[in-house]
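Below are two complexes that have chain A in common, paired first with chain B and then with chain C.
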Partner chain A sequence: MSTGLTRVWERLPLKKQAAQSGIRVFSQQQPEIEDEEEFRVLNLRTVKQQFQRRREVRRDPVTPPRTNRMAVDQDWTAAWPAPRSFHPASVPLPLRQGFTERGAAAPSKFANAELMKIPNFLHLTPPAIRQQCEAIKKFCSPWPKGLETEAKWQRHFPVEVITTDYLQSLPTIRNLEARRVTISLKLSDLKFDAHARDKFLRLVGDRYNKDTDTVTFVTDRCPLRKQNYDYAMYLLTACYHESFVTEPWEASKSEADMEVYLFERNQSKIAAEGILNWSAKEGDNKISPPPAYAQCVEQLINEGENEYNLAKYKEEVKKMLNV
Partner chain B sequence: MFLSRHLRLLPRASIARSLGSSGAHYTTAASSNAAPAEEDSPFEIPNRIERTPTDILQALAGTVGRDHTAPHYKFHDDPFLIPMSNAAKRTYAMSKESGRKAAKWIKEEHRELFLHQEAQPAVEKFAPSMVYTENSEVDESSLQQLIAQSEVKDAVLVYNLLEQKGSPISADLKQSLLELVCFHNNQEPLPEEYIEERWFIQNNRRRDRHGKTWKDGDLAEKLYAEIEPKTPQAYASLIRGMAKYLQCERAYALLQEAGEKQIQLDTNTFNSIIEIVSYLKDTAEQRWQLCTELLQEMSQQKLRPNLGTLNAVLQCISTFGNFKLARSSALQVLPEFKQLGVNPSLGTYYYLLIIFCRERGPVSHVIVDILNDIAGKEFQIEHPKDTYFFATAMDVCRNHLNDKSLAKKVDELLHTGKNYDLVGDSFKESVYYRNYLALLCQTESIEDFMLTYDLLVPNIYIPEPGIMEEILRAIEINNAVEHVPRIWSDMVVFDHTHRESLLLSVLRIMVDNKPNAELPAQQQLPEQCAKVALDMYERVEEAMKRLRKVSFTGQMLGNILTLLVRGGNFEKASEVFAHIDKNQHRIPGTPAESALHEYVEASVQEKSPSQALAALQYAVENNMESSALAKLIHEGFTLNETHLAKLKTLVGESFLDK
Partner chain C sequence: MKMIRNRFGNLSRVSVQLQRHVQQMATSAAVAPAEGATINEFRTAVANPGEHSALQLAKFYTIPAEQKKQIFTGGGLPKQYELQIKTFTEACLMVRNPALELLEYIKGADLTKPVVRYVLYGENGTGKTLTMAHVLHYGALNDFLLVHVPWAPNWMKRPKEASNAAGQEGMIDLPFDAAAWLVHFKNQNGKLLQRLQLKTGKEYVWSKRESTPAGSPLLELVEHGIARIKYASETTAALISELKQLSTAGQCKVMVAIDGFNAFFHPITRIFSDNKQRVTPDRITLTQPFLDITNYDWTNGVCILSVDKIAMTEGYMDSYMPRYLLGQAGFEHLDPFVPVHVDNYTDKEFHSYINYYLDRHWINKTPQGFEEQLKFMSNKNPYSLMQLVRAL
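What follows is the complex of A and B.
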């Protein structure tokens, strides 16, 4: 009775008054169908049920859900400011979710575990996001002038450093993963000679991505982020400097060790020079094969024989020999 | 788990520095060759906007307003767990806190289970506290630590142990122990983390005006005696301790002694003596004289007065019985302190209010000037009495000036910035809202008042029965019967249904303001009123069984009867009438004649002559005007023999002959 009565005022003709006096209109409640079906008790042992008259405990009257008192133009961000599991008495939406027998409506929001299980984003309504963005705007400095395009800022800031912070509900605020530091840069931003570039690429190995032309160092062997960062920068510096050093044993690199075909140090150059200087006498200037020919031979051998390379080779040979 | 990924870009200059650091000839190619050709567009990175670690959180929290339909966030947001009376609010909050206490007790009781420290960085409060006994090994550093944690009991214990062992204690440490003991009067203070207890405790402990609680000849004085030669700090701490716990005579004597010995004391020590001037002298003139003497002494010692001095002087003035002297001396003090550059706090204004707005004194509008001065300002706590301002200001608005617009200004000030932190405790908050609501319901139109009522009740403030009576009176004056069902449901929830005066006025409002069925807003009212009446009837009946104080009166039952009849619930109405009829000897008074009249009219419509005759019989037996009823019955029904015979026996033959 009491709950029935405490709801009396909800049915007050507030709306009609509102029309006259401009009172805020309260949101309407969907009528709840309550079926008073009791659980049957499974009586395994057929003991005579002992009827004990329990003393009725006097309970304080329960108030109706507070959604009834919410105005339709209320500030929802104040009612639901932070993430929280769904509560039917606080959300003035006629939500239904769950499965029942065919044809029946899905269970209403009251005592509905389905609605409580799924994560909701009631705290992230567009107005809430707008308000929060507005509130933290004052901590943002403007974008630097002169760095408007990606090309510009990439030229001025060639190295990317990526670190990650973790926030977790554990007794400790530390997370081992946070020590990881990733630095990456475009190889084209470094100045190399051919030997240094070759050596650098050999040193970094698969840390170089050929498709994007980037070198990436991931360091996690030290316990602290600062140490890992320093170590990554050290690695970059050391590899770079080391790549310019020519060790004595590098001179003993034989043709079998070469990773690409080079015209300059190969038999075909000698052969071509032989042909070009067929009739030359001792002491005459030697004619060397033109660079276009050298290039197309290199291309033919390094890339393999295909129609284009072969045709090009034919043309260059003809040009060289003036046929 | 949340994670945030940071991308940092290193500028070319810094990478070049790193690569070129070893000074080898070839590395310069990396830095210098590339740069000059492309260094076309200069850029400038703006400075980082400085912020503290919590600034962003506070900015985000600033976007969240108050949801008036929700309870305070310390309670669970669930209809079953939202407290709906002042007692429930207190109980729920305190039970939550007692859970915390139980956890703390278990932590101390089973300390062996809590020795592990999983948290990083370690949370000291989660570890069991150190236990000091007669046999524990202690040294100066442990005493120092205990004083820093303000653990009075343990500090005293450790001090005694050190004394027994005869180990020396440095003068500084002794002084800080003296300060600790004086500040807390050698009693364990209420731990700081029990905020709910602090919020509710002031209700029953109002020791402001109680006598001395200083422990004479206790540890503080012993410590003081040990300090030789006497330092100004030792004097100051003992004097302040004595003044705080109202050992007034000795505190003043000590001050004089220090003066004779030419010991330089500090401002706050003088402030503490000025605060207790009213205990030292009896009449206003003597108090004022002593006060000025103390102030002169301060100026001789070249001490700069501060806010504490101002408030202490005003406190002294507020105890003057002589209104004129109080007024003039307050007006004298204020400009002088203004000249000294002391900014008043809310506590200062509190004292001004109690000096100027006295119950017996003339009406003073000082609060208008105060509000003009401080409107829109944000305050921080500076003086213990700052929290008294809002409750007192609202009290002045209601009882002294009865001014609605002023009250609204005070409320606006309370909700400016973080000023709500200064509302005090639960008691002061409820005094504040009691005065605010009572004032509004007397001065505002009922529609505007109900808007405020909707905002404040029940989550911020729950009206006491006295205020409920005021609200009902306002409704009665405005004939706003349409609000009664709402108010009644609140009364049920707040457990006001056992106050006879409240029940009577609810019924009176509903009976006297017969709803006009032609207005669309009032079409459902008779039905609702009948429901309220029926609910009230059932509640009172139940309450009588439970031996509560409330009981029916004839008047009350008559009103319920009328309302049920008007609501068209004749069945229940006849039940209520049967109750009246059966318990005639127990119910004091009789229902109004109009109630019986309406009942009989309804029974004519319902064609139930026996009920009508019962009503007539009741009227005859209780010596009420019965001829009108009889006429009504006679004309309304075509009575059969038995009924006719009964009618005759009740009102006599003569009636029918007419």
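What follows is the complex of A and C.
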């Protein structure tokens, strides 16, 4: 083992010596080149000159934001006349928007994509609206007399018609959506009897909103708005008049079809009469159950059970049965 | 000094124990002959429910052992309460408002009028069954024939056996349950039936060879049903229609008490028919007679029914209100009825119950404010209270 090592050791210096013979060590540093001119290099392989001066791009100095030059009392409607996405240099407000790490302030308005994403209403400031209203005032006719309050105009015009006009930059000025007509009216504006009201509600189905007491027809099946409007009015008229018609099959309305619980047509009435007329003989006047009892049974079932209704029911039953 | 105080503490505890012991001895002595010796403030010596009034409110009265055996052998007290009775070696019931209200109605009722249906309702574990038990005790002491179904949902939920009814197509018989009910009926009313000597009004033919002739005693009819289990359901129907006629004729008074009455109007049962479909309660032969006797078309009786959430199954247990639990059909069947609300304990009742538990040494540890704590934890609900003190 050791003999092998020594052999390697003996071999190594030989190589080193050979290498050292080729190295020349300079003790002093080379003097720096002071002049600008480069050495001319002998270009043997005709390679292109590698060191070329980079051309400096001349940039215009960044102008300070326009907001610096804005007067405090400037006409904002002139500075921001139309809808436009946010521009930091045009809006003299210290806006910040966006999320950074905890504790740091939100990013400023400059180069802030968040502010550009969201829609703004900088063109719809109250002065701008006022200005535009002033401008179109000359096209308006005076408000009709006698329709000053909402109550008045609702009394004179119970039917509300909603249509939408579309403006667009297309070769055609037609828009399919413009044909849609919505008419709505309060159910209380129509005159009904109990049967007609029930039938009307069944006819219109979910077009009736119970909370607001309004019936709404939306028509869009005809190509033109005028036709759709006529059709909606026809629907309203037809439903209204149809609801007053009593068909022969309506007599077969069973308890399951009833919209409300009525004491008169239920088992409860028969039972109560049976109890009250228990010892009555044939030909006696029938005692009918007291209306207060009938009312509280109806209330119990129509309104649903609660402690109050049940206590009332109990009182009435006790009164009726002399418990 | 500390030692001395400790001694004092021990002494005082011993004296309290002694006092309790003395009191207990006094009460146990009082049970037998003399009534008014020393009775705790939460007990009342008035053992006859007919004499209970607002004076006895929130006080305990004891049902004598033989009466308890007569009325409640076949059920009628909740299982947990039965256990408690066994532990305390006395059947005590608290006089509470709903029972007093019912007793007042029953005492003042005009029995010539059609029966009035009283419907007990309330949250789980508020004491509907025990209110009914109180009234049943009154009925048993006042010569009412008891038609008592301890827990109707048992028939719909876990019948012993279901078989096809012989006579009626598509109907299901519960022979064992019917026979068990007949035994219960006989237990409750055996003596009274013997005394009243009630006779059947018409002949009942069970088969070619078996029949019960008209004019035979009711007891014979009942015993036939018990002996011939196959005909128990039909016997029940016959017995109940007989009872209706007899009481209408004025020969007896009938008190109907059905716990979990809404089970008769549950949409389905757990019984399967031949074609493996769940049958509805109206297809069970036992249902019809009990619906008949809760109808208003007879006199000389009272109906005490209870509607219970736990008589229903999953999905039908949203509310404890009678109209909800009975449903449309059940409400129409019972209307007009007198709803009686059974509520949780009042403060007075709660305090009285705690005293009772202390007296029975059921609550041993009494740290500061334990009563308040129990009150809040149980929300003064009787069943919750019973469950809470079980572990103490």
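Note that the second predicted complex is superposed on the first by the 174 of 323 C-alpha atoms of A that agree within 3 Å, B and C clash if a C-alpha of one lies under 4 Å from a C-alpha of the other, contacts with A are read in each partner's own complex, and residues count from 1 in each chain.
Please note the rule applied: contacts are C-beta pairs under 8 Å (C-beta built on N, C-alpha and C of every residue); 3 or more make two chains touch, one makes a residue touch a chain.
Note that the structure is a prediction, hence the values are computed from the model and not measured.
In the superposition on chain A, contact is made by A:Arg66 with chain B only, not with chain C.
For chain A, the partner touching the most residues, choosing from chain B and chain C, is B. In the overlay built on the shared chain, the residue A:Trp278 is in contact with chain C alone; chain B does not reach it.
Legend: residue contacts after superposition of the two complexes on their common chain; A:Phe157 is shown touching chain B, with no touch to chain C. Within the superposed three-chain model, A:Lys138 lies in touch with chain B and out of touch with chain C [touch as defined at top]. Contact with chain C, but none with chain B, is seen for A:Lys318 once the two complexes are overlaid on the shared chain. By the touch criterion defined above, A:Val297 lies against chain C but remains apart from chain B after alignment on the C-alpha atoms of chain A. Taken together, the chain A residues at the contact with chain C in this complex read 266-268, 271-272, 274-275, 278-279, 293, 297, 300-301, 305-307, 310, 313-314, 317-318, 320-323.
Residues of chain C that touch chain A in their complex: 105, 108-110, 112-114, 116, 296-297, 299, 319, 321-324, 331-332, 335-339, 341.
Listing the residues of chain B that touch chain A in their complex gives 1-12, 15, 18-19, 21-22, 24, 26-27, 29-30, 33-34, 38, 41-49, 51, 55-56, 59-60, 62-67, 69-70, 77-80, 82, 84-85, 88, 118-121, 123, 447, 451, 454, 482, 485-486, 488-489, 492-493, 495, 520-524, 528, 531-532, 535, 538. Those residues of chain A lying in contact with chain B across their complex are 1-2, 5-9, 11-13, 16-17, 20-21, 23, 60-66, 69-70, 74-75, 77-79, 81, 87, 89-90, 128, 131-132, 134-136, 138-142, 144-147, 152-153, 155-169, 171-174, 185, 189-191, 193, 196, 233, 236-237, 240-241, 244.
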